[in-house]
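Read through the structures below before going on.
Heads up, the next two complexes both have subunit A, just with different partners, subunit B and then subunit C.
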Partner chain A sequence: MDENSSARLKRRLLGIVYRIGLFLAMLTICLPGLWIVISSLRPTVEIMAKPPVWIPQEISFDAYVSMFSGIGKGGIPVIEYFRNSLIISVTSTVIAVAIGMAGGYAFARYRFRGKSSVFLGLMLTRTVPGIALSLPLFFLYVRLGIIDTHFGVILAYVALNVPFTIWLIDGFFRQVPKDLAEAAQIDGCTRWQAFWQVEFPLAGPGIASAAIFAFLTCWNEFALASQLTRSVSAKTLPVGLLDYTAEFTIDWRGMCALAVVMIIPALTLTFIVQKHLVGGLTSGAVKG
Partner chain B sequence: MATVSLKKLTKRYGNIGIVHGIDLDIADREFIALVGPSGCGKSTTLRMIAGLEEISAGSIEIGGRVVNDLPPRSRNISMVFQSYALYPHMTVRENLGFSLKIAGAAKEDMERRVAEASAILGLDTLLDRRPSQLSGGQRQRVAMGRAIVRDPDVFLFDEPLSNLDAKLRTQMRTEIKKLHAKVQSTVIYVTHDQVEAMTLADRIVIMRDGHIEQVGTPDEVFRRPATRFVAGFIGSPPMNLHEATIDDGQMVFSSGEKLPLPGQFKANVATGDKVVFGLRPDDIYPAGHGISSGGAADVHQIELPVTVTEPLGNETLVFVEFNGTDWVSRMLNPRPLRPGERVAMSLDMSQAHLFATDTGKTLRS
Partner chain C sequence: MKGFKPSAPFLLLLPAGIVLAAVVVVPLLLSLYSSFTPFRLIKPETFYVFIGFRNYLSILANTDFWWAFGRTVLLLTIALNLEMLLGLGLAMLVEKATRGQRILRTLMMFPMMFSPILVGFQFKFMFNDNIGLINNALQSLGITQDAIPWLIEGHLAFIAISIAEIWSSTSIFAILILAGLLAMPKEPIEAARVDGCTPWQTFRYVTWPFVMPFAYIAMTIRSLDVARAYDIVKIMTDGGPAGRTELLWTLVARTAYSDGRMGMANAMAYFSILLSIAFTVYFFNKLAAARTQIGAEW
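Right after this comes the complex of A and B.
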C-alpha cells in the first residue's frame, strides 16, 4: 500500500471514530430528555421497572389528556401555570435586558469612579446561591405583601439576571468599535440616535443571546419560585410539577408529561433565535 | 466652505496636558496637514475640532462661528477615520446616504447625491455590497464618499491612509489631492507621515508634545525649519544633525573634527556658543554627484570614509563616517563605491542649518 492510500484510509478511520465519539457525547446529553419524553408516554409500572425497560411496550397519551382535563380528573391548572410562567419570564427578561443594555453600554463606553468595583460587586452577587436567599426573601416579601404575586417573582428574577445580562452585553458592546458611534454623530446623529442606528444593531446578536439566557433562567427556575409562590395565580410551570406529588405517591408519568410541555416552548424559542444568533455572528457584522 | 480658527486651544485629562493652548488660523479651502510623532496631540486637536472631544480651554471657530460646545452634528463637518468606521450592517449605498437619511432628506435628493459621490470616487459598481466585501482601498473610498455626500464646510481626515499598504497609499494620496481640487473645501488632515503631509498640504503644521513647532508651506518647513525638531522630522532620509561648539568662525565637533561656519550664520553666533549643525542628504555628495554641483556658492570639500551604500537605481544613499556617526548623503548619477573607500565629499554650506542647542530654535535671522 502506498503512502497516499494509507493516509486516506487513516483519515477515513479518524472520521468514523470522530463521528462515533460525537454520537456518544450527544447520546449522553440527550438521553435524560429522551427518557422524559418516553416516560410521559408509558405506564408507571414500566417507568418504575427494574431493570429498566428501554423500549416502551405500549404508548398512550393519557397523561397529556388527563393533564388538561381539569381538577378532580387528575388534571392540573396547566394553562394558568403556563400563563404565569410566560408573564413572569417575558416581563423579567425584558426588564433585565433593558437594564443590561444600559448597564453594559455604560461599562463598555464610559469611565466613571468605582467602575471596576461596581462591576466586581455585580459579579459577586452571582456567587451567592439563589436558594440561600429564599428564606430572607420570603420574610421580606411577606412583610411587603408581595408574596405569591407575579410582581414579587419578577423582581427576584430581574435581580437574578441583571448582573449576567450586564456582563454579557458589556462584552458585545466592547466589540463594536467606538469609531462607529462617533462617525454616526458626525453624520448628524444625536448620541441617542447613534446608539439605536449603529451600536444597537451591531450588538444585536449579543443582546439576543443575553435575552435567551435570561429567559431560560426564568422559565426553568424552581428553587426561588417554589418559596415565593403558592397559589394558582402565581405558580410557574416548574413549581406546578410538585402538583404531581401527593403524600404517599408521585405521579412520574404526569410529571414527565408536564416537563415535556415545559420544554417545548423553550426549545422552540432557542431553535428560532439560535439561527439568527449564528447568522449574525458569522456574517462578519462586527468587522471594522 | 469655511475658515477654521483655533484660539489658545487646550486639552487636559486631569492634570495631564495633551494640547497646550495652540493658535491656528486656517483659510477657506485650504488643505492643512497636522503632522507629528504619535502622542503629539494632533489627533486630539482634530477630535476637538470635530466635537468628539471636549475642549478644556480656548475656543474653536468654524466659518466665524464659535462651536466650542456644539455637538458634532451641528458643526457641519465630516470626518474620515483611520479605521474607516463604515457601518458594517449597511450596504455601501446606505453608508453613503446615512447622513442624508438622518437629516430627513427627500429620497430623490438622497439618490442624486449618493450617485454624485459614487461617480466621483468610482464606487458605482459597489453600491450594493457590504463593507466586509470590500478591499481596503475600496473601504477607504467609501469612507471618503460618506464625507463628500454631506457637503460639509470642513473635511477632517484622521490618518486615513495608515491602514493601507505602501502602493495603495501612494495611489489614494493622489486621489485625495484630486478630490480636494474637485470639491474645493477646507481640509484638515492628520498624519504622522511627513511625506503625506508634504505632498498633500498647502500648509503643514508640525506638532510636538502638544505645542505647534512650525506652520508653513511644504517648501518653508523643508528649507527653513524653525526648530531642530522640524529639521529632523521633515525630509527623508532625515537631515544630518550634529552638536558642535563655535570657535573663531569654525564649528568644532565632539570628535575634534572641524568645519567652517556657514557664512549666513556668522553674524548670529559667537565663540563658545553651543549649536546643532544640520545638513540635508541632498547637500552632501561625493564631489560631482550632487543636486547643486556647479552652481553652489559655498561648497566645502572634505574627505570621508564610506561605511555603507544603498543603491536606489537613479541615486545611491552613501553613508559616510563623520564625528563618530554615519552621515547620509545622496549621490546622483551614482558610480560604484566600496565600503572603507575614502571619498571627497562636497558639503553645500549655503544650505546648512544651525540651531541653538538649548532652545532648539534656528539661528537663522
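Right after this comes the complex of A and C.
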C-alpha cells in the first residue's frame, strides 16, 4: 500500500515537472516575438523608460500609421520595399517551382546513372554562402547592367530556390504510388496526360507547400539582396530594415512595427503548409 | 518511345542545370579566377593582373582571418550540437503531451518564420544594455544592479549571437525529430519494456536509431544554410566590438565592399565555400548511411 502511494506521488511530481518544463520551453519560443509586437504598439517613451514599464499603459498604432504614410513622415519608404519584396518573391517562386517540378519528377520517377551524385551536386550549389556568391554576382551584374533591378534579384533567387524545391517536390512525387500513373497509361493516357491528370493533382498540396517555402526564402533573404540592390527601385523589406539602424539613434518602435509587417505574411503562410512541409522533407527517410 | 526514354530525366533536369550554371557555377568560376588577381573595385584594370597564390598566402598569414575562421567553426559546433540536443528535448516534450498537441506543434514552428535578419534585430533589441528585455528583467528581479553590456563586451556578444542562432534554428530539429517520433511504430517500444529495458535503454537502443535519419535530414537542411548566421551577426554587432564577433562571412563582406579588395575577398570566400561544402557532404553521407541502415530505398 505504501509503495503504491509513493509511486503515485512520484508520478504526480513528474507530471508537474513536465508541465513546467513544457511551459518554459514554449515561453522561450514565443516571448521574443510577442515582445516585438508589444513594443510596436507602445509609445517610445515607454520603451525607453527607466525603471522599465512592464505593462503597456496605452496602446497606439502611431508607428504603423507613420510607416505607411510615405517617405516624409515615416522616414523610410516601406510601401516601395513591400512592393519590391512582393514582386521579386512571387515571380521567382513561380519560376523556381516550375523548374523544380521538372527536376523533382525526374528524381522521383526515373532511374539514371549517377542519380545520387547529381542530387548531391544540386544541393552543393545551395551551400554556397549568399555573401560569397554575391561577390562575383555583384561584379557580373554591374557589367551586365542588371544591378539594382528586379530581374537581377529574381534570377539569383530562382537559382537559390531550385535545389531545395527539387528536394521537396521529389519527396511529394514519391508519395504518389507509381501504379496510379501506370494504370492511367494502360487505360490510354500518354505519359504527359497521366502526369497532369493523375500525379499532379495528388502531389498538388505538397507542391503548393514547396512554393510557399520558396516564397518565404525569397521574402526573408538578406545577404544577396543587401549587395545586389541599392535603391528604392529594388530594395526588399529585409534590406529596408537596416535603414532604421543607419543613423546613430535607433528607432526601436519603428523597427518593431516593420518587423511585424514582415512577419505577418510569413506567419500566415507557414501555418497553412506546416503539415505538408514536414511530410515532403522526411519522405524516403523511412520505408512507408 | 523506347529510344526517347533514357534522355527524359536529362531533359527534365536541363532547366535546373541551366539556371544553376548561369547564377552559381559560372560566377563561382569567375570568382575563382579573380581570387588570383589583386582586383580592386576602384581599379578595374587590376582584374587582368595575375598574381598566382599571393592572395591565398597573405590570407594564411593573416591572424584576423584565422580568428574569424576559428570563431565560425566554434559557433557552428556549439550551435549545431545544442540545437540538436534542445530540438530532441523539445520534440520529446511535445510528443508526450496528451492534449493540445496541434497547438504546441504550431507554436514550435514559430521561430522558423522569422527571417535571420529579424532574429538578429529582435535579439539586438532584447540584449540592448539600456532598454533591453533581458537587462530589465535581471534588474527588476534584483539579480544584478548594473546593466550587463551584452553586445558591447566581446565574449558576451558571442554568447548573445549563439543564443540568437540557437533560438532561430532549434525548431527545425524539433519538428523533424517529432515527425520521426510520431511515425515510429509503438510495438518495438512496448516489446522493449516487456523485456525489462529501463527507459534510458529503450530510448538509446530503440527510439534513437529510428529517429536518427530524421535528425540527419535536419542537419543536412541546416548545413545547406549555415551562412544565415551572417545576417544575424551583421545586424546584432556587425562583427564588433573591435572585431571580436567577426565571422568568416562578415569578414568577406567587409573586405569586399568596405575595403573594395575583391580579389582578396574572393580568396577568403573560397574558404567559406569549402567549409559549407564540407559540412553538407558530411551530413549528406550520414543521411544516406542512416537511410540504407533502416532499409529505405534511395
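Here is the rule we use: the second predicted complex is superposed on the first by the 230 of 288 C-alpha atoms of A that agree within 3 Å, B and C clash if a C-alpha of one lies under 4 Å from a C-alpha of the other, contacts with A are read in each partner's own complex, and residues count from 1 in each chain.
Here is the rule we use: a residue touches a chain if its C-beta (ideal position, glycine included) is under 8 Å from a C-beta of that chain, and two chains touch if they have at least 3 such contacts.
No experiment lies behind these values; they were computed from the predicted model shown.
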Is A:Gln197 touching anything from subunit B or subunit C once the two structures are fitted on A? First, second, both or neither.
first
Of subunit B and subunit C, the chain that contacts the larger number of subunit A residues:
C
Looking at the overlay, does A:Gly114 come into contact with subunit B only (first), subunit C only (second), both, or neither?
neither
Output check: A:Pro177 vs subunit B and subunit C. Expected answer is one of first, second, both, neither. What do you get?
first
In the overlay, answer first, second, both or neither for which of subunit B and subunit C A:Ile186 touches.
first
Report for A:Ala25: first if it touches subunit B alone, second if subunit C alone, otherwise both or neither.
second
List the residues of subunit A that touch subunit B in one complex and subunit C in the other.
284-287
Quick check: in the complex, which residue numbers of subunit A touch subunit B?
177, 179-180, 182-191, 193, 197-198, 201-202, 283-288
Within the complex, which stretch of subunit C touches subunit A?
6, 8-10, 12-13, 15-16, 19-20, 22-25, 27-28, 30-31, 34, 89-90, 93-94, 96-97, 104-118, 121-123, 125-126, 130-131, 133, 136, 139-140, 167, 171, 175-176, 179-180, 183, 210, 213-214, 217, 220-221, 223-228, 230-231, 234-235, 249, 252-253, 256-257, 262, 265-266, 269-270, 272-273, 276-277, 279-281, 284, 288, 291, 294-298
Going by the contact rule set out above, which residues of subunit A touch subunit C in the complex?
18, 21-22, 25-26, 28-33, 35-36, 39, 47-48, 50-52, 54, 98-100, 102-103, 105-107, 110, 112, 116, 118, 120, 122-133, 135-140, 155-156, 158-159, 162-164, 166, 216, 219-223, 226-227, 238, 241-242, 245, 252, 255-256, 259, 262-263, 266-267, 270-271, 274, 278-279, 281-282, 284-287
Quick one: which bits of subunit B touch subunit A in the complex? Just the residue numbers, please.
50-52, 71-73, 77-79, 81-89, 98-99, 102-103, 131-132, 146, 150
